[in-house]
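Each structure below is given as structure tokens.
Okay, so subunit A shows up in both of these, paired with subunit B first and subunit C after.
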Partner chain A sequence: MAISSLKFSPDGSLLASSAADKLVKLWDAYTGEIIKTFQGHSEGINDIAWSSDGEYLASASDDKNIILWSLEVNAAVKTLKGHTNFVFCVNYNPQSNLLVSGGYDETVRVWDVARGKSMKVLPAHSDPVTAVSFNHDGTLIVSCAMDGLIRIWDAESGQCLKTLVDDDNPICSHVKFSPNSRFVLAATQDSTLRLWNYQNSRCVKTYTGHTNRTYCLPACFSTTNGQFVVSGSEDAKVYIWDLQSRELLQVLEGHRDVILALATHPTRNIIASASMEKDLTIRLWLDESSIPT
Partner chain B sequence: MNASLLNPFTITHPTAVQTSLVSGASFARFDPSGKYVAAGRSDGSAAIWDLDTRAAIRWLEGHVKSVTSVDWSRNSRYVMTSSKDWNIIIWDLASPTDPPQRHATIRFDAPVVSASFHPRNSRIILALLGTGEAYIVDLRKDYRGRVELCEVPEEGDDDAQASRSRSLMTTARFDPSGKHVFIGTSSGSVLVFNTRTKTMVARHKISGTGVMKGFDFAKNGRRLVTNSSDRTIRQFNLPVYLPPNAEREYIEQELEPTHRFNDPINKTAWHAMSFSPDGEWLAGGAADPATHKIYIWDISNDGQFASALDGGREPLIDVHWHPLKSSIVSTTNQGNILIWHCPTPERWGAFAGGFEEVDENVVYEEREDEFDIVSGAWCLYESELALRKKRQEDEKVDIIGGILEDRDLGQAVHAHNGHNGLIGNCESDEDLEWADEEPDNDKKGWRMKIIMVDGDDGF
Partner chain C sequence: MSIRSRISSLAMRSASTQAGRGLSAILQKNPHDVVITFAKRTAMGRTKKGQFKDVPVDEMMQSLFKATLEKTRLDPAKIEDICVGTCHPPSPTYVSRAAALAAGIPPEVPISSVNRLCSSGLMAIRNIAQAIQSGEITLGVAVGVENMTLNPRPTPVVTEAVDKQAQAHDCIQPMGWTSEMVAQTYKVSRQKQDEYALISHTRASEASTRGIFAEEIIPVEIRGSVISVDDTIRPGVTMESLSSLKPVFPDWGAASTTAGNASGIGDGAALCILTTRERAESEGMEILGKWVGSAVVGVEPRFMGIGPVAAVPKVLSQFGLSKEDIDIYEINEAFASQFAYCVEELNIPMDKINPNGGAIAVTHPLGMTGVRQVVTGLAELRRRDAKLLCTSMCIGSGMGAAGIFVNEARPLHGAKL
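Then we have the complex of A and B:
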């Protein structure tokens, strides 16, 4: 019953988690108390995403559906059907009127949130899609898959703008835009994280030291107190690198199994991590010196 | 953001219809961010369409007679609709319900032909009535009231004043800075009023025109196009207007157009016209009763006719150019809204990594030592490669900066253009300060709530 995904709400007060036990749970981000559990999926959940106003949660599941949960009415408000296989990843655009999702049916779908209908189906990859997200202004979509390719799409027309591929094409497990959308951070299953400048298709930074050979581990930027790259690892530790120097700065030990889910708080120096069967805990890592008294 | 990836050449003018929204609309306007279209309908309601999802997201129902114009406040929070039922309604789109809450209703004693917000403060409104009168309505507490803008009668005409009927005001617009109100009259003159003092600062007679039907400004406010009943669109460079003085002096000047635009073959009239955001292109919606035609002229190329866009058999009613990019919205008399865009052909080379499309063959000149194996061990060469890579990777990357520039790009473009046109006179800022007093609640960064809809919503 592994925990598959962790996301902080946009205002940082809540932490949402999803797991293979088909439930979405909401926790208080500062005290760790559980606040709510959402039930509704018939299979395990792979990914969750917050809308920008923190009012809705979208969850992607192995039952091929995406369910939109409203925090206001504490219930599911929409079920998005359309994928023909497990839905693996989901994300809102900054305006939160569109949702992008990718799955084992090798497609990326863009959904109209208000009406719950699929607007576009992009024939994105030739292997299961492992991560999708929008850039900061909602004009681009980045997707990566087990075929090792990272593709950047124009959100409005659905055209492919760029493909980034490294020499070996290892399975790409996670990708996201940098906060200013000039770079993409890609995690691949050759135990490497790469920062790509997609305008000229050059890899500008590489981060190594962790282990990533089997699972889709997320990686995040941490920008609340300096610029860092944070990633989970299959050796049960959380790795933190300095963004510019690529030096491994800190290793957080405490979990006892592969770290499958990671999130960085939007405003404070808090990292949340969660793990697999042998250790079903969500741990919050704080920087004691920076907590306001 | 993705313009650089899509098309390296400057975006010009739209060429094809991207999508058609079935709406029942007569008038349509983009909002200043370009994400929504407000459509006014002949049954008195208005709809807000979201261009990302191509669906109507808000219904503004309140008027009992057809809507005559729609306007957006500068951060798209307020929408104003004017109607033949003698009312103007201001709607607050930040309200979480559909239909959104009415922010204010202003009543007049005649059908309202058009209404627009002051560009800096949506609590100052310009309204034009069907009786030919124009009013500036101020909703701010300290300045509350409505003032009619009256044309100063021509000198030497005092005796004849009573017998000569005052010419009616037929079109009224704020200029992009909001400092002046431009009014077109039925006798073919353009009157310029100062917004703060409500006094006339200029009268321009334009020779040869009949009734003035419409205006549009280039974003910097230095150029004006007028549409008149002689079926010609004229472009003028506006003179600099001095701030109003105590004697209420005004300029009496005849303006000569820099360009004239018309349809030389059929001499069709024009319903509406709109500048492109950079002022380089002018789109004119033709009042052709048989087809939907938009003429595009290239201002930067001496006003040459560039292209006529054909939108099918339903005649056009209204045209508006997107505030930021190369896109146009036009309405047909059947109520359909057409969104025009510049279609970019799909670049299939983008699906393969490492491919770059070139227009001509590039001859590759290899360096003398390009393929040399470094003498000594192979591992020396490898370590040199690794060192080179490491040095490259040591370069700093910026993952945070540059966002504000993108988001404020639209604002920055407007501000830049606006400041180019403003006189560097400290007195002119008095008008801007007056407008900025008691600001409205239209702040950037407000969010439109996504309202879930069941099933497929028609209109």
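Then we have the complex of A and C:
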């Protein structure tokens, strides 16, 4: 059993979590109280994503489906079928009319949310796709996979614009655009995070010190109080680096197993992390000095 | 048309087909020039495991024709002839015609196929260009396509009476045998082959990383998937990984040809639209480049790989050009053995040859290559704002071919990324 994904709602009031127990749960982001549980998948869930208006959640499951949940009616409103194997990752575009997903069938799929239908299938990789997301204006998609490749796609035509790869091509476990969308942050299973300028195809920063050799650990940006890169680790700790200097600034200890899920709050200095098997907890880390009284 | 204007237009035409020797003449722009208004390729798929392993050539062509018509908004009724360069699919002309019809090209548009083995794509361009030069047509399409997964090279069979002649016997032997013959006769060491192979792999991988191929690939939709990225290029190739590979043809002497220093086997298609400069300008079609001409030669079958050594000087001298006049060469890398020999024998610097890698890295779908070289070469000339391209290849059974093209496209600004 493991908690696979954590995401704060766009307004920061809620925290959504997904787990191998086939459930999506909603929590109050400030008090930690459980608010709601969504049930419907027939297998464990790998990832969740919020729509930009905070009204919908999408969940990606080993049951090969993506389910869209409405917070207003408190129920599943659509099931997106098409992937032929576990769906591993999912994200909305900023306009939230499209979803992008990736999975063990090695494809990246773009979905029309309103019609609940697959619009594009990209045979994107030669191994399971571990992460997909849109950039800030929805024109580009980034994907990464266990084949070690990071690919950037034109969202409209589905054309691959470039392929970023480091010499040894270690398994790539996570990738996302930076908040200004000029860089992509990639986590690879050689215990390294790399910040790539994808326009000139150069790796501009690397962050090390944590352990990532086996699991798909997400990495996040934290921008509420400076510029930081945050990642989970297989030694049960959360690592925080200064984005520019690459200096390891802080290590958060408390979890007792691998940290598989991580989220940074959109407006406050809060980090949420979650773990697996030996420690099925979600922990919220606060910078108390910054909380308004 | 009055007698005077008819005579003068005929005079213009024969003048343009015979004129144009020397660099400045080649670079001139005349209304009867044959120009290329569209040049794109599909992504390539590795043999047996790649993205086209189940997609026969008719389906590849149908989707490429459709994507081309959508992108160019060309009214297909304006196409006056199509020529498809392809080697081994059964019934090539029938399936090409079916694919064209299925893509929405009207039955009034005729089609043919041409097979001069590895040069078939260049021959398709040559056939359409020469038909335009002769005045028979004014707008045509040249295609190069091959699916080596579904249509591998069949073993040619000849009768004993024919086989008795030594060169006839040699000319049907497998390509790998000719690679070993060139390597051993011209003493191209395994080390040298691997060095040239490494250049190809490295350049192609870097080009893929820089997103260069996105400018020349047209995404095609096949069975609900959008195919737009080569699955053939291998990142991270090193001298160590190349030198550890075992020779694949150990039966033929001191073998040195390996899977890493031979052209990859793959599937793909490419297409060019050709017309007259006059027609392109009057109909507002973007002019990417100009066809200058080609040359075909025969060489000793056993050493078929040396084809470019004969073809390149022939085409250059035909047009009064020196090898220094050429900005980029696309010389097919059938095998590093013959490629290394040709490059060194022709004495052309490697930084002008296959700047984004060649067949060793990207694969050599036989019929596609002749068109792919033009697509890739023109795209690179465009980026460099340079002028002349010379494409060349060796040809199975002992031949060579070469073509010359002028880039007329301005560098792209505001590319997607």
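Everything below uses one rule, namely that the second predicted complex is superposed on the first by the 293 of 293 C-alpha atoms of A that agree within 3 Å, B and C clash if a C-alpha of one lies under 4 Å from a C-alpha of the other, contacts with A are read in each partner's own complex, and residues count from 1 in each chain.
Following the convention adopted for this analysis, contacts are C-beta pairs under 8 Å (C-beta built on N, C-alpha and C of every residue); 3 or more make two chains touch, one makes a residue touch a chain.
Computed from a prediction, not measured in an experiment: that's the story for all the values here.
For the composite obtained by superposing both complexes on subunit A, the positions of subunit B and subunit C are in clash.
In the superposition on chain A, A:Ser126 contacts subunit C only, with no contact to subunit B. In the superposition on chain A, A:Asp154 makes contact with both subunit B and subunit C. In the superposed pair of complexes, A:Phe183 makes contact with subunit B only, with no contact to subunit C. Put subunit B and subunit C next to each other and count what each touches on subunit A; the higher total goes to B.
Shared-chain residue A:Ala114: touches subunit B; no touch with subunit C. When the two structures are aligned on the shared chain, A:Asp168 is found in touch with subunit C, with no touch to subunit B. Of the two partner chains placed around the shared chain by superposition, subunit B is the only one that A:Gln95 touches, whereas subunit C remains out of contact. Judged by the touch definition given at the top, the superposed model places A:Gln199 against both subunit B and subunit C. Applying the stated contact rule after C-alpha superposition, one finds that A:Asp137 touches subunit B and leaves subunit C untouched.
Taken together, the two structures place residues 140, 149, 151-152, 154, 157, 159-165, 199, 201 of subunit A in contact with subunit B in one case and with subunit C in the other.
Every residue of subunit B that touches subunit A in the complex is listed here, in rising order: 1-2, 4-6, 35, 50, 52-55, 57, 344, 346-347, 350-354, 392-403, 406-407, 447-453, 455-457.
Chain contact summary for the complex, subunit C toward subunit A: residues 43, 51, 205, 208-211, 214, 217, 219, 224-229, 231, 235-236, 416-417. Across the complex, subunit A meets subunit B through its residues 51-53, 55-56, 68, 70, 77-78, 93, 95-98, 112-117, 119, 135-140, 149, 151-152, 154, 156-157, 159-165, 178-183, 195, 197, 199, 201, 204-206, 221, 223, 227, 243-246. On subunit A, the positions that touch subunit C within their shared complex are 107, 120-124, 126, 140, 148-149, 151-152, 154, 157-165, 167-169, 198-199, 201.
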